[in-house]
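As structure tokens, here come the structures.
Both complexes shown next keep chain A, but they swap its partner, so chain B is in the first and chain C is in the second.
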Partner chain A sequence: MIEIKDVHQSYGKGKVLDGVSLRIKENAITAIVGANGAGKSTLLGVITRILPMISGEVFWDGFNLKQVKSREIAKKIAVLKQTQSLNIRINVADLVEFGRFPYCGGRLSDADKAKVEQALDYMDLQLIRDKFIDELSGGQRQRAFIAMILAQDTPYIFLDEPLNNLDIKYSVEMMKIIRKFVTELGKTIVLVLHDINFAAAYADYIVAMKDGKIAGEGPVLDMISPEILNGIFDHNFHIVEHDGKKVCLYYDNESRRKHGGYTHNHDSEHVSRHGDEHAHNRGDGFARRNDDKKGRRHTV
Partner chain B sequence: MRLELVVKFFKRQYRRVLIYTLFAALFVTSLMIGAVTDVNFESLFRGDELMWSIMIHSRLPRTLAVVLAASGLSVAGLIMQAISRNKFMSPSTSGTTNAASLGMLIAYIALGTSPAIIQTIFAFVFALISTLLFTSVINKLKIREVVYIPLIGMMYGGLISAISTAIAYRYEAMQILNSFGLGSFARVGNFSVIYIITVPLFLSVLFSTKFSIIGMGEDFSKNLGVNYNKVVFFGLTLIALVSASSFVAVGGLPFIGLIIPNMTTSFYGDNLKRSIVDIMLFGADFVLICDIISRLVIFPFEISVSLTISVVGGIIFMIYLIRGIRHGKTKTR
Partner chain C sequence: MEKQRRVKSSSKRTAIIFGILFIVIAASVLVYIYSRTFAKSNRLGLPMTKLAFDSIMARALPALIGMSIGGFLIAVMSQAFQTATESRVLTPSMIGFDSVFVGTQTIIVFIFGASSKIFSNAYINYLISAGAMVIISMLMYGMVLRKNKNNLVFLLMFGLVLSGIIRSGSSYLQLIMDANDYMQVQAATAVTINNMNTRIIYLAAPIMAATGLAMILRHRTYDVIALGRVNAKSLGINYDREININLLLIAIGMSITTALIGSLAFLGLLAVNISREIFKTHRHSVLFLGAGLFAVIALVFGQAMVELLQAAVPLTTIIDLLGCSYMFYLILKENKKV
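Moving on to the complex of A and B:
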């Protein structure tokens, strides 16, 4: 079990994490959601000792992670940050072998090799095992990195925006695979997700962050509600149910209001705020889109 | 059936076979070239003592020096490129070689003519400090255009050279300074320090997986429990050691650390575990060829090997630079 106690972190003057405490649910998918700069990725980095923290503690089964050797942690917790180094020429099988490093230090035993083969089979990579990762499509490359994490054979897996740069088909495929990790392999998964609807559709628990604090946490059906999400994202949400799952509609509220589609009981409050917030929201949205483009260009 | 297997093996491993056979052939050729033309297979088989003496005391050390310096610098470049995730980094494009030269100069001014090992220690300390300084500054600058980094490195190297020149001018050691840089395998005296390179060569093979993981990025390394800073420091130490001992023993061999890893990783890939020995031998092949050319063009005299390497290596470097820009592979990460 992983437990986070009162974690603080800041860059320069701005507080990125401000007293975060959290207990991660076993054998389930937990999605961390929130606006840009809410501290999601930082929280993930701090829990997995990738990033340092100013104060606070992370416990794994009662052990303080600060007192455990990094290589031992690597056998319990695997973490994959947003898709990395694209111009590295390394083939898929070799990449997956890196996942065994914490166990063998680079000289693979037969058992290690078997784990690598299992991971390649599980992620359906046998046909492209000899290809260099810089020759793969975005979806294949992401699968290769996930296979490495799988070969690392840890009960806990942390993924930072695993759907970044993936199109819809690969995103759905990836979330299905992650779901299988829980049901078939009994793993505990924590994801940072940008798209609230992927969280709503595939996660079991949602942890919502705002301004470096946990703004709310709970089972997915409780969390996906306008009352909670509006506050977290500073945006008006409309929730519909489809096949027993909740879906968030958050595109351009105004036009839907005109067509009479917006019929929520919190609407009176919405109307009073709407006038002065509209311009702000629009501007924000544009800025964010530019950010995304820039971010993508940098990752190439 | 057996023939098919041989063909299959050859198809998959022909580069490796080529590099190894070429190495054996060039090694023997290198041993057979020299002013005393009587050193040949016939005289050696006859057991001519004088010929054997020339072979063991002159020819063999020279050829070994070529092999060690070339393999060492190739591996140093390889590790440096993995650490910096930049294909244009090498000891000669990051000021390391220039700092080694400055170290040797300081040793000369402070201690006069000192044993080679003392010179190597000075060169090593200067090279290490300079490389640490350069890499930490480069990391802070976060430059995305990879071509700029070696350019900055060369300017930085130029700066160190300028300091060396100023000091040498002040202490009237200009001639000494100039003689350091001229790469030649015909030197006597400082030769023995070249054997130091065997240590970093051995360690780099041992730590090849760690260097590859470091090359995948800091987060990636930390996830696997690899201590990023420690391995980077270790890598830079190996690089400084190779640069210093090869510089003291044979002088500057430009471009080797740059072009050899680039020529090999383009087909071997960046997993050092698979390629590191081949890269060493390929580097040795390249310098052996250049050395043989240098010894033959004005036989029985020879020209400086760094001249030949500069001509051949400079052309190859230009090709890679232009190709890199054209393929748009000039951005890091």
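Moving on to the complex of A and C:
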């Protein structure tokens, strides 16, 4: 079990994490959501020791992580940053082999090699195992990195914005794989997500952050409600239910109200098509309006 | 089955390339010895006696050893530095490591005088310059490199300015110091591969060999560091400690190679990139050895050619010219990518 106690972190004068305490739910997907600069990625970095912290403690099964050797932590906790490009020529199979480094220091035994093959099979990478990473598409590259941390064979996996730079198709594929990690392999997953709807659709728990503090946490169905989300994102949310899951509509609330708005439990096609359209067409307007709002707040 | 065949063929290819490289090195060594002995005697119309041969070899052999180990180490250090900074362009000398050597020499003489033991005793002198370089490089890394890893232009500018400041500061000190001291500093810092400081070869060779070996033995760690900070940490590398060890080794190695064979700014860049292009691998065991051998060939063969053809252009100039053009190409290419 991973437990975070009263973690503080700041860059320069601004506080990025302000007394964060959290217990991570086992064998489940926890999504950390929040606006830009709320401290989501910093929290993830601090838990996984990628980033230093000013004060606070992270415990794993009662051990203070500060006192555990890096090698041993790497057998329990794996972390992956958003899709990345590498400066080196390396093929998929060799990259996945690095997942065994905490166990063998680079000298792979037959057991290690078997784990690598398993990871390649699981992520469906056997056909492209000899391809160089820089020749792959974004989705394939992401799968190769996920295979690496799968070979690392850790009970805990932390992912920082795993859907960044991925098309919708690959994003959904990625979330399904992550779901399979929990149901089939019994892993515990924590991920930072930008899109609240991906969190609503795939996460079990949601941790919402605002201004370096935890603004709320709980099971996904409790958290996806206008009362909670409006405060976290400073924006008006409209929630519809579909197939027992909640979907947030946050595109252009004014015009929807004018047209009578949506009623709950819409048929799926209508909602999703409409949602997508709005996402593309109104994306800019949404951002600009948000800026206006911020500007106003500053002058007041 | 097919995979095994592919692995076999690629490691076979690597072995063949290494074989060729070793043959080329052996040939270069022979050509180098020939150029300094028989070619010279032919040119001068003198017979090549056993005595003359021995006396030439007594000077050529230390030079050969210095060039080989020095060139090899420069390439290994450049590769390690590029891995740690995740860059294909930077090398230690580019951010001013070798000008630090000139600076420390000047300051030692300025403060203690050329006749003092601290300067004239090669061991004490080396310890002090290496120590100064270790401290300066650690400071530099802590303040500049760590935060600006991805800002290539800034780092190059920083290196340029740093070496500019140190060099002009040194020449100012040299200007106001005693004439005799000045001559001594000049002799210690105007080292090139033509004018090697063979006086310290028996101190330098073991240190250089040990530094190079330490880096090569750590090749698996470098493999992981090359994946970037986050991945390396996730895989259980104590990243900050490893980077500090790396810098420490580079500071030790740079101070001793600069003292022995002088500054070779672009040799490392060329050797590292050639080996990377040819071997197309991420394994540092191969990359280190490959880059090192290319550097040895460039130095020994190049020096042999310069002697043989009685070229008026020193080898360093040729290497700098090639390396400089290649660096332009790299920078332009990197710019296009962004």
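Keep this in mind: the second predicted complex is superposed on the first by the 259 of 300 C-alpha atoms of A that agree within 3 Å, B and C clash if a C-alpha of one lies under 4 Å from a C-alpha of the other, contacts with A are read in each partner's own complex, and residues count from 1 in each chain.
Operating definition for what follows: contacts are C-beta pairs under 8 Å (C-beta built on N, C-alpha and C of every residue); 3 or more make two chains touch, one makes a residue touch a chain.
As the structure is a prediction and not an experimental result, all values here were calculated from the model.
Colleague: Kindly say whether there is room for both chain B and chain C on chain A in the superposition, answering fit or clash.
Modeller: Here chain B and chain C cannot both sit on chain A without a clash.
Colleague: On the A-aligned overlay, A:R129 touches which partner chain: chain B = first, chain C = second, or both, or neither?
Modeller: second
Colleague: Would you check which partner chain A:I50 touches, where first means chain B only, second means chain C only, and both and neither mean what they say?
Modeller: Once the two structures are laid over each other on A, A:I50 reaches both partners.
Colleague: So, A:I29: does it touch chain B (first), chain C (second), both, or neither?
Modeller: So A:I29 meets neither chain B nor chain C here.
Colleague: Looking at the overlay, does A:L80 come into contact with chain B only (first), chain C only (second), both, or neither?
Modeller: In the superposition, A:L80 contacts both chain B and chain C.
Colleague: Report for A:I2: first if it touches chain B alone, second if chain C alone, otherwise both or neither.
Modeller: Touch partners of A:I2: none, neither chain B nor chain C.
Colleague: Show which residues of chain A both chain B and chain C reach, each in its own complex.
Modeller: 48-50, 69-75, 78-81, 84, 86-90, 94, 98-99, 101-102, 105-106, 152
Colleague: Could you pull out which chain C residues touch chain A in their complex?
Modeller: 3, 6, 86-88, 220, 223-224, 226-231, 233-238, 276, 280-282
Colleague: Under the definition above, what is the set of chain A residues touching chain C in their complex?
Modeller: Touch list, chain A to chain C: 48-50, 69-75, 77-81, 84, 86-90, 93-94, 98-99, 101-102, 105-107, 129-130, 148-149, 152.
Colleague: Please output the residues of chain A touching chain B within their complex, sorted ascending.
Modeller: Against chain B, the touching part of chain A is residues 45, 48-50, 69-75, 78-81, 84-91, 94, 98-99, 101-102, 105-106, 132, 152, 298-300.
Colleague: Within the complex, which stretch of chain B touches chain A?
Modeller: 85, 144, 208-210, 212-213, 215-217, 219-220, 222-227, 265-266, 269-271, 273-274, 329, 331-333
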